[in-house]
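Below you'll find the structure I mean.
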Amino acid sequence: MAYLSLTNISKNFENVVAVKDFNLNIEKGQLVSFLGPSGCGKTTTLRMIAGFEIPDTGTIFLDGVDISNIPPNKRDIGMVFQAYALFPNMNVRENIMFGLKMQRRPKDEMIRRAENVLSLIRLENTAKRYPHQLSGGQRQRIALARALAIEPRVLLLDEPLSALDAEVRVVLRGEIRRIQSDLGITTVYVTHDQEEALSISDVVVVMNNGLIEQVGSPQEIYRKPNTRFVATFIGTANEFHGFVSDSSHVQCDEINIYSTRVGKLATGVKVVLLVRPENVEIYDQPPGRDTQNVFEGKIDTITFHGAITRLGINASGKIITADVSISSRAPVTHNQHVWLSFDPEYCQVMAE
Amino acid sequence: MAYLSLTNISKNFENVVAVKDFNLNIEKGQLVSFLGPSGCGKTTTLRMIAGFEIPDTGTIFLDGVDISNIPPNKRDIGMVFQAYALFPNMNVRENIMFGLKMQRRPKDEMIRRAENVLSLIRLENTAKRYPHQLSGGQRQRIALARALAIEPRVLLLDEPLSALDAEVRVVLRGEIRRIQSDLGITTVYVTHDQEEALSISDVVVVMNNGLIEQVGSPQEIYRKPNTRFVATFIGTANEFHGFVSDSSHVQCDEINIYSTRVGKLATGVKVVLLVRPENVEIYDQPPGRDTQNVFEGKIDTITFHGAITRLGINASGKIITADVSISSRAPVTHNQHVWLSFDPEYCQVMAE
Amino acid sequence: MDISRKSKPTASQIIFITLFLLYMIIPIIATYVFSIATRWDRSILPEGYTLQGYRDAMKNPYFLITLKNSLVLSFGSVLVSLLLIVPTVYWVHLKVRLAKPLLDILMILPFGIPGVVLALALVQVYNFAPLNRSPVLLTSAMVVFTMPFMYRSVSNNLEAIDIPTLTEAAQSLGANTIDILVKVIIPNILPGILSGSLLVFATVFAEFTLARLIVGAGFKTFPMLLVEYTRKDGTIAAGLSVISFTIAWIVSLLILWVGGKGMKTSQDVIKAH
Amino acid sequence: MDISRKSKPTASQIIFITLFLLYMIIPIIATYVFSIATRWDRSILPEGYTLQGYRDAMKNPYFLITLKNSLVLSFGSVLVSLLLIVPTVYWVHLKVRLAKPLLDILMILPFGIPGVVLALALVQVYNFAPLNRSPVLLTSAMVVFTMPFMYRSVSNNLEAIDIPTLTEAAQSLGANTIDILVKVIIPNILPGILSGSLLVFATVFAEFTLARLIVGAGFKTFPMLLVEYTRKDGTIAAGLSVISFTIAWIVSLLILWVGGKGMKTSQDVIKAH
């Protein structure tokens, strides 16, 4: 059995469905992200694991024991909140020692442990400071240290980086991942930021409207989205609407696109075909005959993003987005006539 | 002469240098970004163009006329603020018509113009709403429309997207660029977000400590940074510290790196050599003999970012960051033995 | 042991709150009832109802005089307070932000000045004509006494509105100083000005100690008349109370209404931060 | 025409502010001086200084009695106010957020109740033993009268601290309800509790109207003694004023100090939003 297991969890708030029939197994030491737009139920699920909400139906097992009816202060679960939730009346060391004090640990052990977690987050010199004297990033690290100090069985993080600046966010997510890996602590991470979820997780759980849309590794989620919601919520995608014309082709308006991902969809089914910008190849000459899915177009917009340049290509009225990397030698110019192709393997097809 | 020209501008606040000897020419219709960390002087410079601050020295010419001593309400310059600065007591239409009312334009012209700018920002249906009824993104669009309604000679934007969510930010910066291009309005855009500056600008002015570090197109700034500050503030870079060993080589610790960018730096000069992660090539077999700057290493960390995967490679103790794109077929695994190379053309060298 | 956000209030808490509300409201309701009761000392409910108390109250020649005096005093205090406080606060907010903490401290002091002490000090210091024991002196005292209310209202409103940025936005759109003041600043701090004015009005209208100690019988106010009647006729006093309370009540409702409007328009700027 | 942030204040504005400060402060200083002046009606400065006024004041047997009465009344009101308001506000904040606007409205009402009316209503309604004209009744009146101060202080403090999240954070760290209250909630709303208590204390200590109308001579308070002396001996009255004012002043300073501390610790949570 998995270390943390949620079975058939449902939760309504005054007749509004927050979470519906949620099933998930989390292995020991994994970092699992709940990813979705606000209101998708990810935070409610996390709060049920923490014990702040009671599921209407279903059971939560931790290490083989049903914890559904254990109050939050007996669950041995560490939690990090978006708003830091440091105790303003205590200094950093007192904040970190709070959980240990509740467990009535011996004084010297508390002090040693506080020093350990402070060095883990590299903030040894802040022990005597008060929360209001720290930056947002520092506060969130202290909150992490405080949660880790009690050596919880599971660490829960509820949008821990949302209140921080972009730069701090990137640095801190790297640190969270490093510490989590080093300690091997089972972690559930809630976020609405797909980049964050992809870069930090072992497993991503994409949620929408209280339901799980897909569970998988970041690579699976990104490369093989099961649903249109997953495909468009994560990353960017060109969308083509049409219908299945045979077991490996989709007819979209005038054009017929070859895809190896039609799967078991029946001929005639209305579908949407998705191609990510980085899977659109650009040529300044017509490509060879063995290249599939070749279309002509004219460069409409050029946006420089550093390592990549994003092109908007007008192909018979439809704007197709393509990303070209800095190493592609051919310079592009506005209104340039170009050819583009989609690799059939990267043309995701899903029923509308 | 350029359309907007700043010559020898300096400004101190109580003995603190805010801007020092700032010289810049902006052509008509260009979008120029001032990019730098907070406190670099970018906003002060913008405020001097607007007339909210008076330069201690130097002159500002607009369309050939010295505007340094013209009060802000006579400069004919549109301004968009980070905090929106919509008038809370007026509805959207009244906000937009405020500037036209100040110019005592005929009523029907005001109404027509308000409708025009509202359709420009695609918010025709909000005319009667009050600012507090709109989302942040909508408010900032209204602020843009209000600034554009008076057909200013120059449009100034002071971190217009900082208060908005990541998603809205990306959409709105595209719209700002589209509207700016369509109207051909000379624009100065202040931001601390390098991605924003790169993606939106004709010209980027990188500032630090009140001084201009570099002026150039986004591509120039990104690919050929003049200073170490520019190279590290914009994008990510691997840094190697060493000294020039001959006209095309830099000796860094044990390794000797071939670079075509040593330029006129004398042999023996202490330098830093910078290579961006996307310019580090990865091989699972030793590459051919004609490949330059080849090193061996072991994959230490793998972070998935969607279109690219970021690798941390341990090359004899030093962690080198490399980005591999999704289309590179070879899957990578933890602790894998790999070879990496830097293209000599992308090895930036600058004196320390 | 659960203090989660969703749990229902317990019965004891409901009882507690109910008693608490009754404790506050019963005397007020009783005053209303008493003012129209014929006799109410022998039974739980009054024996009959009449408006005689009100008729008698209004017959007193002092009724209109004291009402007028109190209104003049209240409006006068509001006016002086506005002229003193609004420009000062606006100026501090726009130009000398550093002076704001100092002003915050100064403006809490009137809370610490006992009305009795203030009245005595003023009577002693300004005991020369034409100030001595004059309505002017009383007005000054009232202004000082109610200053914190006006200051807080205006200052909080200015705080909520980002005045410097709005000023610059208006300037960039071609507005001159007068346009900015009339079309941007004043409309946006109007809720603060109004709610401050109403608080000052209500407080001054109800104030008894200062009026009695500073001017005494020379300039009788409505609360003074009311106190006089408490010794003479309970029903008439109750009637006067009802009138006084109704005026105060209307003013309070206006404060809430204006405050609510102010809140709404300020949200725009508050959310932006 | 320039209203930019950096321009210097003009001379007229400086004069304006200075006059304004003098107007507020002179009477207070004068009271201090008057309390130790031998004679001060024939010259600009007093002719000599003496502490005789204080000695005389303290000789009055009522001095200690009224001081004690006022202190008992003030502490009593603070205690009742705390017991009534703090649990209610905490409960509303944590569990029934929807009731908060209602409570906000209820809590502005005492501003709209004239002291005179309240006193009259209470005397009329609770005119049976043991309540009638008792210190208990006076305390109730004081509590109602000063309720907005306590409510605002505690409520603002609770508003600034994210109580539900702090509660959850403490729970996740293994704390039970008592630990949470004692170690997390109370320490963090202490500034609000203290500043509310001090405001109530200062107001009750200085209140004259309610005390005089509700209990009268039966339970003489310090302000009543003060008013009595204004008719008899100006210097002694000034001495009592100084004592009263000094107590109020100390309380005010405490309010500011406590308020400042509260601000600082609340910043943490405020900045997080």
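Each chain carries a letter (A, B, C and D) given by its place in the written order, and its residues are counted from 1.
Keep this in mind: a residue touches a chain if its C-beta (ideal position, glycine included) is under 8 Å from a C-beta of that chain, and two chains touch if they have at least 3 such contacts.
Predicted, not measured: the structure shown is a model, and the values here were computed from it.
Undergrad: State the smallest step count from subunit A to subunit D, taking one step as a move to a touching chain.
TA: Shortest path length, in steps: 1.
Undergrad: Report the pair of chains linked by the most C-beta pairs in contact.
TA: The largest set of C-beta contacts joins the chains C-D.
Undergrad: How big is the gap, in whole Å, between where the Cα atoms of subunit C centre and where those of subunit D centre?
TA: 17
Undergrad: Could you work out how far the Cα centre of subunit A sits from that of subunit C, in whole Å?
TA: Centres of subunit A and subunit C (C-alpha means) sit 54 Å apart.
Undergrad: Cα centroid separation between subunit A and subunit B, in whole Å?
TA: Distance between chain centres: 27 Å.
Undergrad: Would you please write down the residue numbers of subunit C that are in contact with two or more other chains?
TA: Residues 1, 171, 176 of subunit C touch two or more partner chains.
Undergrad: Going by the contact rule already set, what residues in subunit A reach two or more other chains?
TA: Residue numbers touching two or more other chains: 52, 71, 73.
Undergrad: Can you name the residues of subunit A that touch subunit D in the complex?
TA: Residues of subunit A touching subunit D: 50-52, 71-79, 81, 83-89, 98-99, 102-103, 130-132, 136, 139, 143, 146-147, 150, 156, 163.
Undergrad: If you look only at subunit C, which of its residues touch subunit D in the complex?
TA: Against subunit D, subunit C makes touches at 1, 3, 5, 7, 9, 13, 16-17, 20-21, 23-24, 26-28, 30-31, 34, 84, 87-88, 91, 94-96, 105-106, 108-118, 120-126, 140, 144, 147, 164, 167, 171, 176-177, 180, 199, 202-203, 205-209, 213, 223, 226-227, 230, 234, 237-238, 241, 244-245, 248-249, 251-252, 255-256.
Undergrad: Taking the touch rule as given, give the residues of subunit B at its contact with subunit A in the complex, in rising order.
TA: These residues of subunit B touch subunit A: 166, 174, 177, 193-195, 198-200, 218-219, 222-223, 234-235, 276-279, 303-308, 310, 323, 325-327.
Undergrad: Enumerate the contact residues on subunit D facing subunit A in the complex.
TA: 161-162, 165-166, 168-176, 179, 183-184, 187-188, 190, 264-269, 271-273
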